[in-house]
Every structure is written in structure tokens, then in C-alpha cells.
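The two complexes that follow have chain A in common; it is paired with chain B in the first and with chain C in the second.
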Partner chain A sequence: MDILKLSKDKFADFLATLSEQKLYAPQKVGESLRFAPVTENSKVELDMANTTVPPKSIFFPQTETLYSYEMGNTEMQTPREVDEGIVLGARPCDARALVIVDNLFAWDVDDPYYQDQRAKNTVVGLACNKPCVNCFCLSVGGDPASTEGLDVLMTELEDAYVLEPLTEKGQKLCQSVAAVTEQAAAEDQDGAKALHQQAREMITRKIETEGIPEKLPTLWDNSLWQETADSCLGCGVCTFLCPTCHCFDIQDEVEGIEGRRCRMWDSCMFKEYTLHTSGHNPRPTRRERTRNRINHKYSYFVQKFDVIACVGCGRCINSCPVNIDIVEILRQAKEAL
Partner chain B sequence: MCNNANPYVPYVATIEDAWFETEGDRCVKTFKVTLDDAAARESWSHQPGQCAMVGILGVGESMFCISCSPTEGDFLRFSIMRAGKNTQALHELEAGDKIMVRGPYGNTFPLDEWKGKQIITIGGGIGQAPLRPIVEYVKANLDQYAGLTMIYGARTSGDLCFKGEFEDMSKSDDLNCHLTIDLEEEGWGYNVGFVPTMLMDVNPSPENAIAITCGPPIMIRFVLENLKKLGFADEQIYTTLENRMKCGFGKCGRCNVGNLYVCKDGPVFSYATLKDIPEAFA
Partner chain C sequence: MVDVAKLKEIARETVSRDDVKYLIGWRQGTFGFRAAPHFVNKPEDVDQLIFSPLCSHNLATYLTGVEKLPVPRGQEADSRKVALMVKGCDSRAVVLQLVEQGYGRDSVVVIGCPCQGVVDQKKVEAKYPDMGENITAEWGEKTIIFNLPSGKTEVPREEVLAGKCLTCRYPNPLLADAGAWEEVAVWGSDDYADVQDLEAGNPQERRAFWEDKFASCIRCYACRNVCPMCYCEDCILDRLNPQWITRAVNPTENTAFHLSRAFHLAGRCIECGECERVCPVDIPLMKLNRKLTKEVRENYDYEPGLDPEAKPLQASYRPNDKEDFIL
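And now, the complex of A and B:
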């Protein structure tokens, strides 16, 4: 399949064609930029650094019904399978995060909810032309134009987008927009590649990961964890906005006779996350919780799935109210090893 | 592993029988449970050590060890201490009521590997619940093991679970049953003293033996110390861990100790594995 070019003046038609299916794209919702279903009145924003909330929210919603029931009855209704859809404008780091989290949701027992969403959605990525100040994807196996987890890679040129189909799903999508696109000329393709290279050179933040997965747990009693925890407020934003964080709680919600058991994002930075019914807490303070968060991403997950559970998107740094910086934590860890 | 097509959806089960093991605020109630669906019963298979999510729709679900051995029959038993919201609601249930069960989860005690060995269980309080399946399994297959020694203690005689079962055991020549309570009580015919002390009094030989201990953390700490004193190697000592759990199959994240998930890599661990994990006894 050929690489396509979408002129920016055809973008509205392009969106209209894609909206024939369920289409998610970055939109301003309240204060934050997040992936939301596109309707006629939507204002899709692709001119962004990155979304506040990663597209994981489509595949792993913040709250999701596992099954519903009527009180006093033991019959359980699972939600119907989702429709096919398109996710437009995922940054390559966030798409890579999906591939990383796929490991977990397929580990031994398949997670039907997540996997249904993954199978049904086509992911159209948007290469980063201008990485953020806290981006460090290059240090953790990513790239501003990484194709991992993407079905189509889009690159924004001055007056057009270059669309590169990467999978069968991506080819199908490109065929569906044939009427509003043309073949990309060699110079457009070269232009895209030049932008990718330019973006790589703009990334300044770096983590040295060599030896970290094997040795990070040896820093168990290092003062680093207490020092980080001293400023932590325990708000959990670092985990809620993390594209690879996948932890959830399961709770029953009942209104009248209608009940549902649902799962919702949870955070290892919360005290309740590990609190036993007895009152005992194996991770009683933010020190233990911070240590677990970083060890999980950079050591435990790697030992299980051979990949670091961090894509270097920088959200945890950008959003932390007290400027806790994972790059700095890992720099100190590396120094202490 | 989980038998349902959707691992989050529990089986409907019926409580056949329910009785209190202990009294008081944190009393323990045992439920004997049978899955309603014949196909589910057929496909369900558990081994000593494994756990299951037990709950009530509209309230919630929690992880409990299965406190019976498959050698006992085609049913499940859960011995549940009243401690929080879910267990409070579960304690309200009686024979004939419906209960939701999913599982079984986790690894098992390596009872095949232990064949030919002397099996020693050392339990305290509700910690006997995960040990009971071993006791029952070994009792049912006694010809395959060198013997069974059971040390079990609780604060008072009223806090001992499964009391009736042990009285029979104490009469058997093949089984070594040692019951103890912390403080002297009128009419108590067995030992008085803490479980770790009892262990030293029983003085089991480490030769060709496996020791499994479950109970309060403080008891486990001293039992481990004493087992080392008796000459048990790390590989001969087993325990089970518990942590807060939501899914039971390695997705929800919270039950990890280091890089191990209690729900999948555990709950059964040898001390040889745990001693290198700094968080294991946190």
C-alpha cells in the first residue's frame, strides 16, 4: 500500500469519512485535552504537544462496567462487545504504551474487556514534530516517529499530512480515505523523514537505563526513596496520567435495584491500594509506595515482560504538583548503583 | 486457573452448610459451598494452597484460601474471619443462600514433590485455614508420606478453628497432633504456651521433613527462627502470603511483593524464595 498525502484543506472531509465509524480524537474536555468521541460539533485538536490524558482511556476506561445485575438476583449481564473504531492522533509513545500493557492483559489469563477494545480499534498515530521539554522516549526504546502499536503513522507537514499505513487495519483505513487523499510524492516522504530526524535531535532529557532493571531493587534502603517521598503529596496524578499504568480497583455500585460491578483506575500511590482489612499496610508510607512505583516500572515489569513500563512521555513530570521528576530519580539511582 | 470464558464473572454457588468456628468480634465462620452449574463443578479443580474470590453481588468480593482438600469431596470450604464490609455481609449468609465464587487462583503446595517426607504444619489462629487442606490431603494419602505432625495454637481455646477434627486426630497413632493455647484455661486438656515454643517442645527432626507455617506475622517470625535453630534448611520451609487483591490473576497490580504477584506466583512460597525479597514480610 502506498504512502498517502492528505492536504490540510481536505482535513474536514477526512474526519467526516473516518467518523462513519466510531472515531476518537484529541479534544478539549474541561481543562484537559483527551481522546473523546468525534461528533459533528467536535473541535479536534491535533496541534498539540500531547493529550493530558493518554489514549489508554479508550482501551482501559477510567471506570468500566464488568457486569451488571439486579439486586436479589444472581444473573449477571456482561456489556456487549464494542463496535469497531478509530483512534486518531495518538502520539507514538502512547501507542507503544499500549503494546507494553498488552503483555500484562494477555499474561496467562486474557482480559476480555481490554483485548476487545484493542482488537476493534485502528490506531492512527501522529509523529512528534516538537517533543516536549520533558520527553525522553529515546532513552526507553521509543522514538518520536515510532510505529510500534500503530496501524497508520501520520506526519504533519506544513500544509498536509503524510499517512503511512503499517498494518492490514491501517491499509483498510487508508483505502477508506482514498477519495480525500493522494499518493505522497517522494519529496513529501523525505520531508516527513527530515522532521522525524529533527524531532529526535530536539529531545534533550535522557535516562541511562543500563543495569537499572537488574539492580534497582538493590537500592531498597537508599535515602533516595525517602527524599522523593518527602515532597510527594500522594495525589496519584503520575499514575493516573501514565500511559502504562494499568492498576485498577473493583467496586460494586448499586442504585435502587440496579447494581454493577465495575473496575476503575487505581493508584499504587494511594494508601488504600495495599491496605489490608486488618489495618496492616505492607506499604505504609509514601516512601514504600514511591519505591514500588519506580521499581515496578523499571525492574519488576522488565523481569516479567522484558520491556520497561515507561515510554518517556513526560506526563508524570509535567503534571506533578511538586515537581517530582522520574528522570532525576533514575539519574540518582544510576549514580547510587 | 479460571474456568469461565470471562475471568471476572463469578460462578453462582449455594451454601450447603455454614457454622461458626470461633466466637467474638472477629469470629470465624466456615461455609461449605457447591457450585450450582454442573459443567462448572466438572471443570473446577483446586489443590491445597489455592484461593478463590468469594463475594456477594451488590457488596463486593474478597480473596480467601480454600480451606478444604479436593480429597474431601466435590465441594469448597471457606473459613472466613469477620473483619470488614465483605466479611460482615458474608457472615450474614446461612445454608441455602447463594454466594458468588471465582477461581481457583494461585499456585499450590507442592504435595507431589513432598511425597515420602514427614509433613509438619505449624499454624496459629485463622492461619490454620490454608494449612487444613494439607492436613486433610496427607491424611487421605498417608501411605505416600512419612508422617504428619500438626502444631496448632490460638490465643484461647475459643479461638481455635476446626476443633472437632483435631480431637479425632489426637487419638490416632499415625498422626501427631499438638494443640496449644496462650494462657491456661480451666478444663483445657492440651498444651499451654505460644506456638513457636510448642515447636521447640515437639522438636521435629529436619531430616526428610517439610515444615509449613501460617499465622500472624509475629508468630511466623519466631517460628522461622526456631525452625532454623532446629536445623531446617530454607528450602524445607514454606508459608503462604496474603495481600489485598482485586482481580486474582495478575492484572490489578496491588498484591506484588517485589517482582512476584501473590495471586499468581503465590500464595505458596518457600522461605528460600522469600528471604531475598525485602518486601515479603512487610
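And now, the complex of A and C:
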């Protein structure tokens, strides 16, 4: 399939064409950037390092109704059908995270809610021309121009975007925007490749992951975990902003005679996450909870699905209120013993 | 001004004491303009201690936030003191924690650090973007000096200091057992300009303002967890039965959460600004807190965290207290 070029002065037309379907793109919500449905008044922000909240929130919303019910009616109402949609401007790390999380939601049971969103959405990625200071995707199998999880890879040139369709869904999308695009010349394609290489060279943070999945469980009683947890506040910043964190809680919300069963993001850093009804907590302090977070990403998930559950986006490092730095923790783990 | 060498000396002596468990201070962070809380367990850990314009964290939250495991049979609880480095605003948190009897006076050793203002990460990162390596900083004469890879750079303090520091009236610790310092002059004054903007609007405008901000809340509870005055063992937000505020993230529940949080801090917020600093989606939480602070000051002439002998606001009834808000 042909690689296309979209001139920046046709970007508004491009958006208008895509908006014929449900379209999600990075926008300012309050003071932060996140993926939100594009409406007539939307201001799409592609000139960004990355969104604060990853696009996992589209596929795995923070609060999602599983079904609703009312007194006197034995039928449960499941949510309406999901429309086909487009996610525009996902960074390659965040798209890779979806492929990693796919494992989980297709593991012991197929999760229809997540899988439906995945099947019906076309993901248009935006290659990173300027990785941020805490990006370390190269260390965990990613790349600033990785195509995993993407249907189309977009690369921003000075006055145009290069669009490379990668899947059938991607080709369909490219055909739909044929009127506002042209074939990319060889020099545009080379320009995009040069930018990808330039981005790779800009990434300075690195971790050596070899041996980490096997070694982490052997450091169970290492002082590293207490030292890391000393300053931890036990908030949900690192997990909620993580593109691969996927833990959820299920609660019933009842008002009058109506109710709904919903699932919402949960965080292993919260103290009630593993709290038993008896009052016993197998992870009683932040030491055990911190240890679990790192072990889960870099060991347990690897044992189960053969892939590290971290894409190196750097959000947990950027946003931690007390500068807990996963790259630093793994460096210490590597050196320990 | 703080003599950092002398401060380290005091820290070394303090952690060497048999009755001190550990000392909490600050160290350089891992990238950019970040510092990090530093737990000093042994004298050699003192070497990493810093006190600079990067030391934003209010460490008093660690005094009340400590998670205690049940003491195994036959063993005694560790009753040693915790030593803590405090700036002026941080000291107000310690004072109020003592007033509220969060812990006993003899369980802490407070090391005072008069402060000339700490930097706002967002301001400094906007000014010097893409700093991968960790940068050190120091105070100059009405300036902040950054040791950038390209060399020393001096910036007028107004350009990079946190908003709370520009209006700070208590830069010197109000409570300290030790310290190596001369008092710094108060240079800020506070006319609550940030609150007045909002007060000027009508209720519809205010509602629209907060709806927009609360819409972005992800309920990570960083604002609650970092707050030195949020230390209830059984928080309203974690309660499941009755569930006062549901886990669902939507405008109604987000609003209920933020208003509850603000009201629980009425007459208790010591204006360290930590909630606003840690918010990953940049909700201007101090506007809420400071509206209540202003009300409390104007109506009851009360400021929390100034006097360890004072009573909490809610326990300090006076017959001539204003009551015109009672319906």
C-alpha cells in the first residue's frame, strides 16, 4: 500500500474527514492533555511530548459500566454497541502498551468490553521526533517509531505528515483520506526515516534488562525495597498514568431502585488494594507494594506473557511527586547482591 | 540563611543519637531540577543531604504517614524519635500536627531551615526544557542560581519560585530544636490576589471554572497523600460502607471529592502548596484551600500552625465569634 503525504495546510480537512467517525485525539482537558472525542470546537494538540493520561483510557476507561439493572426487572441492561472509531496521535510506546495489555484481556477469559474497543478502533500513531528526557523505550523493546499496535504510522515533517498504513484497517483509513493526501515522494519517506533515526539517538536514559526478570524475585528481602518505599506517598500517579497498568476494581453503584455494576481503575499502590475483609493485608506497607509494582512489570508479567509490562514512556518518572525513578530502581536491582 | 555544612554537622550528630531512629531531609534527584526526600539512617547517609531552592517537599507528611505493623509478641514497639528538616511552611505543619495531638512533642526532633523560596518545577522546566541531567541550585541575592551544564545561570527569583513563596509570610521555622541559621527577611505579602480573581466572578463562572478543572481529575489521591494535614486513619474516600464518595470518576463525584477535601482542611491548611505541586493534571487546588484560609482569617482572625499552645480552630469557640452564616 502506498505511503501518503498530508500537507499541513490540509490538516483541518483531514480532521474533518476522520471526524465522520468517532475520533479521539489529544486535547487539553482542564490543564492537562488527554485523548478526548473530537467535536466541532475541539483543538487537537499534536505538538506535544505526550499526553498526560495515556490512550489506554479509551480502551479501558477509568470508569466503565459493565451492566445496569433496576428493581422489579430481572433483565440486565448491557451497554450499547461500540461505534467504530479512530484514535489519532497515539505515541508508539502507548500503542505498544496496548499490544502488551491485549495479552491480559485475552488470557483466562476474553474480556468483551476491552476487545470490542480494540477491534473497532483504528490507531493512528505519531512517531516521536523529540523523545522526552525520561523516555527509555529502546531499553524495553520499543522504538520512537515502533509500529506495534498501530494501524497507521504518522511522521511529522516540517510542513507535512507522512502516513504509512500498516494493516488492513490502516489501509482503509488511508483510502478514506485520499482526497486530501498525495503519494509521498521518496525524499519524504527518507526524511521520515532520518527523523526516526535522529529520535533514537536522542534517547539517553537506558536500562539493561537482561537477567532482570529472573533476578528480581531473588531480591525479595533486599533493603532496596524499603529504601524505595521510604519516600513513597502511596498515591496512584505511577499506576494510573502507566499505559500498561491494567488493574481494576468492580463495584456496584446503586441509587434508588436503579443500579449499575462498574469497573474502575485500581492501583496496587493503594493500601486497600490487597486488604482482606478480615483486616489482614498481605502487602501491609509501601515496601511490599513498591516491590510488587516493579516485580509485576519486570518479572511476573514476563513469566506469564514473555514481555516486559513497561514501554519506557517515562510518565511514572516525570509525574512521581517524590522522584521515585524506575530506571534508578532497576539499576540498583541489577547491581544488588 | 542556612549554613549547609553546619546543618550536615547537626544532622550527623542527630542520627548518631541512640534515641533517634532516622532523619528525613532532602537530596538531589535523578534528573532535571528535581530533589527527593532523603531518609538518613546512618551517619554516612548525611553526605547526600542538601538544602537548596529545589527542596520543595514538605517532609512533615512522613511523620503522620508512617505505616506501623503490629508489634510481634514479645517485642517492644520502636519508640525512638524521628528527626525532620523543616522550612518555614513545613514547620507550620509540625506545629498543627502537635496541636491536633497527631503525635507527642517528644517523638520528633525538628531541624529548622529558614527558606528563601523553592522553585516551581513547571516554571523552571518551561524556562530550561529538556534537562536530562540533574541540576543543582542555590540561593543568590534575590535570585536563584542554577548550575546548568552550560554554566552558572542567575535568574530573578520571581521568575522561577513557586507561587506560595512569592506571598510567603513565614519563611523562618516557627518551631525548631536545632538549626544552623540566621533568620531570613520576610519579603512577601499576601493580598489573596489569586482568590480574588475567582471571587470577582459570578457563581456560574466559578462553577464553569471548577467543572473544567475537576473534569481532568484522575483520583490518584496524590493531593491527599502528600498533605501533612490529611492523616485520618479511616479516610472518607476509602470508606466502602457507607460509601460517601464513589470510586466512579465523573464530574459529580470528582466535585464531591475536592470539596470534601477542601472543607476538611478549613482552618487546618498551612498553605505549603504540596497538593497543587503533586497534582499530575495541574488542578489549581490552592485556590480552593486559600479561599477557605481567607474566610477563616477574616472571620475568626485565626491562622493554623503558628503556635503549638493554640487550640485548633474548631475547638476555639469564643462567644463573639461570627455566626451570621447560620441559617
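In this section, the second predicted complex is superposed on the first by the 332 of 337 C-alpha atoms of A that agree within 3 Å, B and C clash if a C-alpha of one lies under 4 Å from a C-alpha of the other, contacts with A are read in each partner's own complex, and residues count from 1 in each chain.
Heads up, the rule we're going with is that a contact is a pair of C-beta atoms (placed from the backbone, for glycine too) under 8 Å apart; a residue touches a chain by one contact, two chains touch by 3 or more.
From a predicted model like this one, the values you see are computed outputs, not experimental measurements.
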item: Contacts of A:D249 with chain B and chain C, given as first, second, both or neither; value: both
item: Partner chain(s) touched by A:E201 [first = chain B, second = chain C, both, neither]; value: neither
item: Which superposed partner A:V322 touches (first chain B, second chain C, both, neither); value: second
item: Partner chain(s) touched by A:D230 [first = chain B, second = chain C, both, neither]; value: second
item: Which superposed partner A:E187 touches (first chain B, second chain C, both, neither); value: neither
item: Chain B versus chain C as contact partner of A:T277, first or second or both or neither; value: first
item: Partner chain(s) touched by A:E20 [first = chain B, second = chain C, both, neither]; value: neither
item: Set intersection of chain A contacts, chain C complex versus chain B complex; value: 249, 251
item: Partner chain B, residues of chain A touching it in the complex; value: 66-67, 69, 71, 73-74, 76, 78, 104-105, 107-113, 217, 220, 246-252, 254, 259, 261, 263, 266, 268, 273-278, 280, 282-283, 288, 292, 295-296, 299-300, 303-304
item: Residues on chain A engaged by chain C in the complex (per definition of touch); value: 29-32, 34, 52-53, 62-63, 132-134, 204-205, 227, 230-231, 233-237, 240-241, 249, 251, 253, 262, 264-265, 267, 270-272, 284-286, 317, 319, 321-325, 327-328
item: Of all residues in chain C, those that touch chain A in their complex; value: 29-32, 34-39, 57, 61-62, 65, 67, 69, 130-132, 212-222, 224-226, 238, 243, 246-250, 274, 277-278, 280-284
item: Chain B residues touching chain A - in the complex, by the definition given at the top; value: 1-2, 5-10, 12, 57-62, 83-84, 87, 98, 100, 217, 242-244, 246-247, 249-254, 256-259, 264, 278-279, 282
